[in-house]
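This is the structure, below, for whatever I ask next.
Chain naming follows the written order as A, B and C, and within any one chain the residues start at number 1.
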Amino acid sequence: MAERLVEMHGLCHTYQDQTEVRAEGLPFVVKAGQRVALVGATGTGKTTLLLHILGLLRPARGQVQVLGHDPARDFGLVRWDIGAVMQNPDEQIIGPTVFDDIAFGLRARGLPLAQVQERVQAIAQELGLASLLTKVPHHLSGGQKQKAALAGALISRPKLLVLDEPFSGLDPNCKRELVHLICHHSEQLGMAVILSTHDLELVPEIAHRVYVLHDGQLVLSGSPEEVFTCVDQLRAANLQPPAVIQLGLQLVEMGLIAQVPLSLEAGKNLLKGTRVKVKVHR
Amino acid sequence: MSHIHLPDGVIPTGWWLLGYIAAFVWLSLALRHAEAETTRRKLPFLAAMSALMLLTMSIPLGPLPFHLNLAVLTGIVVGPWLGFVAVLVVNIMLSFLGHGGLTTIGINTLITGLEVVLGWWLYHRLLGAWRLNWRALTATGLALLLSSTLAMSAIGLSTGVLDVGWHEHEGEQHVHHDITAAQPGDAATGANFLGLGSMGAVALILATGVAVEALATWVIISYVQKVRPELLLEESDL
Amino acid sequence: MSLKLAQVDYIAVSQRSFLHMWPTMPKLSGSMILLVGIIAASNLRQGAVLLCLLIGLLLSARLPVWLFSLALYPAFFSIPFALAQLSTSCAAAIAVICKAVSAALLLALLVASTPYPQLFGAMARALPPLISDALFFAYRLFFITLGSIQRLLLSLRQRGAFGRRNFVWSCRAALHALGYLMVNTLSISQRLDQNYRLRGYGAKGCLTTEKVAWRAIDGVLLVTLAVLVGGVLWLG
């Protein structure tokens, strides 16, 4: 049984302007090596929930446990095992050069510069940033900044990677590239991933488990197939299932395929060999 | 606005060295007073206010020959010690862009730092019972008036600029005119007339600058008070 | 001025002149030698020669000529000091302005040929960690906020905030925009801080990894420069 890295239940937080954000209902659990997507419409509290997991906010009610600790109280202990990429990469890249920003976490831990350089070069090669290491951040494109932020989070080989809307503002190719990088590193390092997004198209490719947040409640949880086939509940939460799943549901209803595909590739495989009668009106 | 961006090479070496020494002493005090955790927490605010001061200085005010600097607002938000550091950071960057000079960073920082400290003290201490926006208006006006007066005096003393209007040269000799004792007709030489006129013009420009900055700070504080009032209060007031 | 800083920053990172190639520490040292010469210049002839030398550097490095406009601000600010010298002689007054312009041009050349991480990284060796980190943070926030202010001004203009009919209302709108910008920038800085706390930041100055590079040729260049400046002062 995989270790539970994150456990959260009955969360409630009140901001200074008295706005209350809740994530009650189903318990939120993330196991080691598991990739979890937290989906919900804009303004439902996804970022607030993630900030509690990171230990940057303290809940007014509820419990949050990360790696067996209260992250807000034991912030100094927990932070070394967590990597984070926040919504706006501009707000988290502050190193004078890309190299300095990626290296920051390791230098803050006191690693020797030679070792830091080696690891930065390695992660930069993997993420396609090797030619950008000497660049100044404000001359990078959005996708490059996102990759630089991801490199900075991955370099310390965290047990848990937290990503807040990492795909916003990126073109489809960039998104796919990021998805591939996240999955690859998660499998390589046995790293758990929590990813918040309202772009559901990519979730089936990346997540093992999905949680749906709506109106202060975690209303749905399960595998992507289990969650995205609950079309009515998703629509009630102001979400649309991915297009391939909507099409898959129609095809299942028509009896053309036996199960709902989670990707275009899976759909193609399911349709192979299917004979379809076509009526031609002359 | 209360300060001139003193360029390199115009004030005597002794004065800018003294400026550096005084700024260094003040900075040492600032770093010691700002406790480690407060400093670490307020460093982003310090940097944000420095960036804002730089941006605001580039906003033209129509025909007026000066700009806002938000020094007092910086003192209100980050405190006197870190506010001084913010001013130092801004002056270092400005020195590379022709607003001030490398040798005059110390003296430029002292002049603007004075606004920060005076503004903070007036806003949080002396006028603490007043409403926030009136506090801001009064604190900014008084801080700028005081720091401008001191700045002009220091500049005048260091370079003898003030002396221009009160004497003229007849060949190799300096001739000082006692303008208080002389008859209006006797004293109406070109140098005296120029001297009084130039001082009057400087005073008018300074007064306008002080008024504009005070009003601007008042309006900004009124806005911030509605949106994030906790930014304008000290931690002991929260 | 903020746009000029953005333009200067771009020139520093994108152009490749002999000034850009010169390592930062020797370049800083050379700048200090020239600055000492400018401050020590006691007459118009010495000031003018040094100014011509700097203009020569600007042109030979193929840097944009508009950089010279950065040196014109000090010309304005040095006028009161020049007036004080007017009673001595006209040449003395012009020398004051010449020195101010030369010093500003020198620093403009330095910042336009040195990317800020290298420049601040070199300065960080002489500054307390808090100051050097504040410099880096502030510079970065400046560029983040510059984008915000440009978009904000555009939005205000489109919504008629800067009409000619009501001057007071326009000023109020502009100042409220500044207030919004202040709140927004402080919020961004808080999020930056959150992220950096996560990564272990403790205000101990470990933002840059710039190394100091010295070569034998740099020593030769610096000595040559010192002799040149000394010669100008002695012969002038």
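By definition in this document, a contact is a pair of C-beta atoms (placed from the backbone, for glycine too) under 8 Å apart; a residue touches a chain by one contact, two chains touch by 3 or more.
Small disclaimer: the values here were computed from a predicted structure and weren't measured.
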Exercise for the section: Please give the pair of chains with the highest number of C-beta contact pairs. Expected result: B-C
Fill in the blank from the handout: Averaging each chain's Cα atoms, the one nearest the global Cα mean turns out to be C
Practice task
Please compute the C-alpha centroid of chain B, do the same for chain C, then give the distance between them in whole Å.
Solution key: 20
Problem - Whole-Å gap between the CA centroids of chain A and chain C - result: 41
Practice task
Go ahead and note the Å separation of the Cα centroids belonging to chain A and chain B.
Solution key: 49
Problem - Residues of chain B touching at least two other chains - result: none
Practice task
Find every residue in chain C that makes contact with two or more other chains and list them.
Solution key: 137, 140, 144, 188, 192, 201-202
Fill in the blank from the handout: In chain A, the residues touching two or more other chains are none
Completion exercise
In the complex, the residues of chain A that touch chain C are 51, 54, 56, 75, 79-80, 82, 84, 86, 88, 90-97, 99-100, 103-105, 107-109, 113, 116, 135-139, 152
Problem - chain B to chain C touching residues, read off their complex - result: 4-11, 13, 27, 31, 34, 36, 39-41, 43-52, 54-59, 73, 77, 85-86, 88-90, 92-93, 95-99, 101-103, 155, 159-161, 163-164, 167-169, 198, 216, 219-224, 227-228, 231
Handout entry: Interfacial residue positions of chain C with respect to chain A in the complex
Key = 9-10, 13, 115-117, 120-121, 136-137, 140, 143-144, 188, 191-192, 194-202, 206-210
Fill in the blank from the handout: chain C contacts chain B in the complex at 1-5, 8, 35, 38-39, 41, 70-74, 77-78, 80-84, 86-87, 96, 99-100, 102-104, 107-108, 110-111, 123, 128, 130-131, 133-135, 137-142, 144-146, 149, 171-172, 175-176, 178-183, 185-186, 188-190, 192-193, 201-203
